[in-house]
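One chain, chain A, appears in both complexes that follow, with chain B as partner in the first and chain C in the second.
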Partner chain A sequence: MAYDLIGKDFTPPDVVAKVTGKAKYSEDFRVEGMAFCRIYSSPMPHANVKNIDASEALAMPGVLGILTADDLPPMPAPNRPILTNEPRYAGEPIYVIAAESEELCMDAMEKVRVDLEPLDFTVDPLQSLYPGGPNATNGGNVAGRGPEGAYVKETKWSARDFAAAGEGELPMGPAETEWAYGDLEAGFADSDYVLDDTFITQGLSHHCMEPRTALAYWQNGKCFVHASSQSQAFPVPFLAQYIGIEPQNLVFIAEYCGGGFGSKGTAYPEQALPAHMSKKINRPVMMRVTRVEEYNIGSARPGFQGRIKMGFRKDGRVMAVDLYIVQENGPDVGMNDYISAADALALVYTPENMRFRGIPVATNTPPRVPQRGPGQNQIACVVEPLLDKAAAELGVDRLDIRTINTPNNGTLYGPNKGKVTSAYLKESYEMGAEKFDWARKKSRSGQRDGTKVRGIGLGSAYHSAGYYGFDGLVMITPEGKLQIHTGVGNLGTYSHSSTSRVAAEVLKYDWDNCVIVRGDSRKHLPWNLAQFGSNTSYTMTRTNYVAAMDAVNKLKEIAATDLGGSPDDYDIGDHTVFATADPSKSMTYAQAAQRAIELGGKFSGQEAPEDLNPMTAGAVAGLAGQGLIGVAKDTLESDGTPPAFAAAFMEIELDLETGKYEILDYVGIADCGTVLHPAGLDHQIKGGAVDGIGLGGYERHVYDPQNGLPAATGFNASRVPTYLDVPSTMTTGAVGIADPMNPVGARGIGEPVQGCAAAALLSAISDAMGGHYFNRVPVMPDMIVNAVSGREQSHGPLQVNTF
Partner chain B sequence: MSVVTFDPEKDPANPPVGGGLSRRELIKSVIATGAVVSAGSLLGGCGSGPGETQTAVGGVERLISLNINGKVRRVDVVPHETLAMTLRYKLGLTGTKLGCDRGECGACTILIDDTPIYSCSTLTHSVRGRAVTTVEGLQAADGSLHPVQQAFVDELGPQCGFCTPGQIMTSVALLRANPNPTREDARQALAGNLCRCGAYDHYLNGVMRAAQEA
Partner chain C sequence: MATKDMMRPFQLFQPESLDGALALADKHGGDGWIMSGGNDSLSWFKDRVKSPVAVIDLGGVTDLVGIRETANGIEIGAQTTLTEIAESDVIQSKFSVLSDAARHVATPQIRNVSSIGGNLCQDTRCWYYRDGLDCYRAGGTKCYADTPEGMNREHCLFNADRCVAVTPSDTAPAIVALDGQMTIAGPNGTRTVPAEEFFIGPAIDIERMTVLEPGEILTTITIPNTFSGATFYFEKVADRNSWDFALVNVAAAIIEDGSTISDARVVCGGVECVPKRLTVVEEVVKGSSRDEETAALAGQSAVRGATPLNYNHFKIPLMENLVKRAIRDA
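For the complex of A and B:
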């Protein structure tokens, strides 16, 4: 379908502010009378706070107040505590202290006496599951989110469970979660090749460039929070709960965000600290967060200790999969990455028969929250190299073993026989193979040039890509402008704008006459989903579509009322509504907006649909009388899971003496339905590749098992990829087939574009090494050198949180 | 990328805490005694606190003159104050971002004369008499964007935008020193500026476009 705006590049309205330094992030705001507070974090991985004596500190001139866990309401799980008397990881906030300056805060902290009772701790789930092993929390060692809600309990496996596993293999005691479909035994019996591998995926920190600094103050009963947030509308009720106020009393300002990657998707407990402190000392409070604090409280991706048995038919078809994942879950209920990983495996490789078992185990490491492709990207790193292994055993082409297993539009996947709205992973591979010249390049596998050897890799990843049921809101002003109100945050994807353009498209507006209204909850914003889960392109094209359609219908009704006939007799175009039979019978959008104000009622927001979320209803009430309001809840049909797929190809030159490699070529292809914004998609595919190269080959999450302390808190020690670690040019593409369940055919894409790159890198490394499989990510240069020279690895086979 | 002030003794993985104990030593003592008197800077960054006139660690503010974006700015500065803090908290120039405050990420990059510098690791006193340029100083008097800024808009350089001012300042310095860089030159020059969104390819496109159009 031909569009005027969709699929065309444009200059998003926030770019100029980003290049001039005028874009204000949370630490860039100043308020009259602003004080500072600083966090005192636990120096131990697990302890009980016996006593906090701040009397000497509070007597210091300029010291304004202290907040401890005792001052704050308890937060029921799955919320994390804002402050704690039982720190469960090194770096967990115990108290905050406020003063006229930050230095004074730090001087005062030296005078606060905190008595801590050290407790048992662990940074390894298997250690915790062993009989008599340490529990990460006083409540137990197994914590997660089940169908009945969050749970914490104690589970120990038997020594027999551990002994039953072979040397270096994952023990598999009783699981917490389990599902299966088909006949597993028959599936393996029908297989021509069966592999059985233990694997490790490291949990990794998000390392957002902007630490989660926050500023808060109270005025006239409302709490103002300048926050570092991926999302605008969605966190409001959750942060209000952390602060202890009604959502309508929170003014939430998050116009810019310096990176989130899942860790700032919705409200997080520390975001509420300056608000509580401000209330206590009756001053505006800025809480700056340092790089180390950002590492500690900024959360991490859960790690996996897992085992996978896969059976393949001789043509490469996956006949059976038996998957077990022990999830390293941080100090509390964490996220369901392990469940998502199994779900992704069931969809991406469509095994004929499958069983999944898993258990989430608490460790004394930072909280685990979603990180780009939570679960899906870990499992892509595990399975894709194993496909290469099977292809080699079976003599099947590595591309063919992937495309024979890809889902399609008719696929019913997993134990519930779930539908997808559409699926073109196979087409993504085919497009990528052509752009990469797979047929020619695969013959370079293993080519030697001195110490250097070529490796050719490929891989894919998946994430679900959209939801439904949120609200859209637009207003045509009497000046003829279209205001598109969006509750989408500013994660850096520009989807606040690309999804807004759907409203302009529907109303046939010139983009120059459109204004995107966003970034501050006072601006009358609708209830939109958070910017997480690759959902925005699907979810908020739908909301903007229904809001714009509502505006179109009202334009026609107003024209029929004033000019005669019925609404169906009218059409829109060129910023006017006109009679189809007689275009001279027309009124401009500006005139119609003026008439909407005069007519009142639903036309200008005095009345609103009853199915709107209270946030949207409040926004409509705030706009009432100012123009023609288009507002609706998305009740469009949605049947099945909208998927996002990405496929990648990579060529590397690996130096066997150093373990380092140069990435010579990268091709990334997205299956995200209709492309809304080509430059934005190109950005996501390339940026995701950089992130994926970090996930697959660079980043570290290191804990000292003796003391439970982190050893890689900064960018440098964590090895976040730099310009020099990634190719300076990459090739991107998109299948571009419209999804039938979205009014403009769009689906999201943000997450799998990371996982496919990580998978392709791991595939390329193993290819360069003649089929050596590490069954561990990330693969570091020292691991490569050890493997090449036949030396033992420096880590144990099941060890997590290590180099 | 040069850094004016850097203390190699400060191991970021094991920062010193109050009383001269290393973190490891402190933990040992904690485990030995079962109790701890907190040390506030234990997990803190090394930035100086904003808005301070006199601190317990000593040092009195002195009024100095700085040349910022072509203008003389008079400002009270304590001896241990970093340029990033002076710019952000005393001069209102918040375009310079603090990503790490320890010389790792480059978000705080500004120009001293024509050299890109990490302002988080530069003492304000050390730049007296030098020309300091921040991202706010790049636009022409008529408000038009600097060619690098314009190219970053045209190539959709930023994603989240937080590292962008630093990327731009390093790019401006590169093009002053080398108006016709290769893409590899630009890649090497920008290697001290991290971008967690992974916008490297787009930023390099921006630098190459700016070089062509300048």
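For the complex of A and C:
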């Protein structure tokens, strides 16, 4: 379908502020009378707070107050505690102290005496599952989210469970979650090649450039919070709960966000700290979060200790998969990455028969929250190199073993036989193979140039890519402008703008006459889903579509009322509504908006549909009488999971003497339906690739088993890849086939573009090494050097949180 | 954990002459801290692990900036930035192993403000020590890294003595390979020590990385013409290609007489508390031709006697390979 705006590049309205430094992030705001607070975080991985004596600190001039867990209401799981008397990881906030300056906060903190009773701790889930092993929390060692809600309990496997596993193999005791479909044994019996591998995926930090600084103050019973957030509308009820107020009493300002990667998708407990402190000392409070604190409280991706048995038919078809995952969950109930991983495996490789078992285990390491491709990207790193292994064993082309297993539009996947709205992973591979010149490049596999050897890799990843049921809101002003109100947030992909352009497209608006209204809950924003889960392109094109369609209908109704005939007799174009049979019978959008105000009722927001979320209803009421309101809840059909797929190809040159490699070529292809914003997608694929190179080959998350202290906090120690570690040019593309369940055919893409790059890198490294599979991610130069020189790896086969 | 990322207040002194700096250092004694580019110092201050009362910033001591060619070699002021070293025509033409090493330090931004003196005098990066734990080097009575479970991937292979930390410098191996001479000014005048003796291990003093006494300032690095225009090799292997410390680095200066190596100095960083001069390797290669066999022997002899820790034994093949490359690929 031909569009005027969709699929065309544009300059996002906030880009100039970002590149000139004019954009104000939460740390940049100042309020009259503002005080500061700072966090005291636990120096121990697990302890009981016996006593906090702040009397000397509070007597210091300029020190304004202290807030401890005793001052705050308990936050039942799955909420995390805001402050705690049982710190469960080194860096968990125990108290905050407020003063006239940050320096004074720090000086005061050194006068506070905290009496800690050290407790047993662990940084290894398997150690905790071992009989008599330490529990990470006083409540137990197995914590997760089940069908009945969050749970924490104690589970120990038997010594027999551990003994039953071979050397270096994952023991598989009783699982917490389990599902299966088909006949697993028959599937393996029908297989020509069966592999059975233990694997590790290291949980990693989110590395947000902007720490989660927050500023809060209270005025007239409302709490104002300037926050670092991926999302605008969605966090409001959750943050209100953390603060202890009704959502309508929270003013939430989050116009810019310096990176979240899933860790700022919705409200997080520390976001409420300045609000509580502000209430206590009756002053505005700024809480600047430092880099080290960001690495502690900023959470991490859950890690996996897993085992996978895969059976392949001789043509490469996956006949059976038996997957077991022990998920490292940090100290809380974490997220269900391990379940999402199994779900992704079932869809991406469509095994004929499959069983999944898993257990989430608590450790004394930072909390685990979603991170780009939560579960899906970990499992891509595990399975994709194993496909290469099977392809080599079976003598099948590595591209073919992937495309023979890809889902299609008719796929029914997993134990529930779930549908997809559409699926073009195979086409993504085919497009990538052509751009990469797979047929030629694969012959370079293993090609030597002295100590250097070529490696050719490929891989894919998946994430679900859209939801439905949220609200859209637009307003045509008497000046003829289109205001597109969006509560979606600004996580950095400019999808707030690219999805808003759908409203302009529907109303045939010149983009220059459109204004995106966002970033502050006072601006009358609708209830929208958070910017997480690769959903925005699908979810928000739907809401903006239904809101704009409502506006179109109202334009026609107003024209029919004033100019005669029925609404169906009218069409729109050129910022006017006109009679189709006689275009001279027309009124401009500006005139119609003025008439909407005069007519009142639903036309200008005095009335609103009853199925709107209260937040949207409040926004409509706030706009009432100012223009022609288009507002609706998305009740469009949505049958099946809208998927996001990405496929990647990579060529590297690995130096066998140093373990270092150069990435010579990278091709990333997206299956995200209609492309809304080509430049935005191009940047997503490339940025995702950089992130994926970090996931696959660089980043570190190290906790010393002796004292539970982190060794890799900060951008240097955590080894995020630098400019010189990634290819300077990359090729991107998109299949571009419209999805039938979206009014403009769009689906999301943000997450799999990371996982496919990590998978392709791991595939390329193993290829360069002639088929050495590490079964661990990330793969570091030291691991490559050890493998090439025939040495054992330093870490144990199942060890986690190590270098 | 509670006190990161916020410096304590200190008095800042910005002398414009070496004498001024020395006088300030003498006056403040143990409360003073001599700072060059500040990249090492400020991270200590921010973490509140080190909190001097008086910081003496050498940035304004312009006498210590510059590269001078002399009849016997070159003299480099200790406050010369790494960028100037990397881009210096005379260093590139006569002692390119040093410009090459300087070019591999950290990032362009850091090289722009970091001095060669600071790079040579910087403290070790052992994460336990930098974290402020009470280890031997910090005046305590234990080592956290040298234990069965210690996270010691980046620690030493040679000459551990209670402490297993390594030299992090990229320029230090190059300076030792070039037989640099270090001129030190102090309250009692000036002294010069060979670079090889400038760096000290834990057996000599576990709380210092160099022979600098309190109140002393490294003023000049003199490179003799011994290896001017020789065959050089520098390579650094780090996890990242920018903004990273070496896992292992190697600097070599080789003089060939026809097809025979007549003289060589080979030095590795990242494997010992000091830049490790590999005299055995030098003996092995002298008198031999620069070929695959000699290179292999050099690599093998480089790592003889290495005693790896639990997480760093990869440094043995890595060091062996780098020394091999230094001979083979120079």
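Everything that follows uses one rule, which is that the second predicted complex is superposed on the first by the 803 of 803 C-alpha atoms of A that agree within 3 Å, B and C clash if a C-alpha of one lies under 4 Å from a C-alpha of the other, contacts with A are read in each partner's own complex, and residues count from 1 in each chain.
Keep in mind that, in the parts below, contacts are C-beta pairs under 8 Å (C-beta built on N, C-alpha and C of every residue); 3 or more make two chains touch, one makes a residue touch a chain.
The model shown is predicted, which means the values in this text are computed figures rather than measured ones.
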item	value
Chain touching more of chain A, residue-wise (chain B, chain C)	B
Contacts of A:Asn490 with chain B and chain C, given as first, second, both or neither	first
First, second, both or neither for A:Ala711, with chain B first and chain C second	both
Which of chain B and chain C A:Val785 touches, first, second, both or neither	second
First, second, both or neither for A:Tyr40, with chain B first and chain C second	both
First (chain B), second (chain C), both or neither touched by A:Glu100	first
Contacts of A:Gly659 with chain B and chain C, given as first, second, both or neither	second
First, second, both or neither for A:His795, with chain B first and chain C second	second
Chain B versus chain C as contact partner of A:Gly91, first or second or both or neither	both
Partner chain(s) touched by A:Asp115 [first = chain B, second = chain C, both, neither]	first
On chain A, positions contacted by chain B and by chain C	38, 40-41, 43, 91, 102-103, 106, 109-110, 290-293, 296, 707, 709, 711, 716-717, 721-724
Contacting residues of chain C [partner chain A, same complex]	1-6, 8-9, 48, 107, 127, 131, 133, 144, 147, 149-151, 153-154, 235, 237, 239-244, 247, 310-318, 321-322, 324-325
Chain A residues within the chain B interface of the complex	9, 11-12, 14-25, 27-28, 30, 36, 38, 40-41, 43-44, 50, 91, 100-110, 112-118, 207-211, 256-259, 261, 290-293, 296, 490-494, 679-680, 682-683, 686-691, 707, 709, 711-717, 720-724, 726-730
Complex interface listing, chain A residues touching chain C	38, 40-43, 90-91, 102-103, 106, 109-110, 290-293, 296, 451, 657-660, 698, 702, 704-707, 709, 711, 716-717, 719, 721-725, 780-783, 785-786, 788-789, 791, 794-795, 802-803
List of chain B residues in touch with chain A within their complex	12-13, 15, 18, 23-24, 26-27, 30-31, 34-45, 47-52, 55-57, 88, 92-102, 104-105, 107, 134-136, 138-139, 145, 149, 152-153, 156-165, 168, 183-184, 187-188, 190-191, 193-202, 204
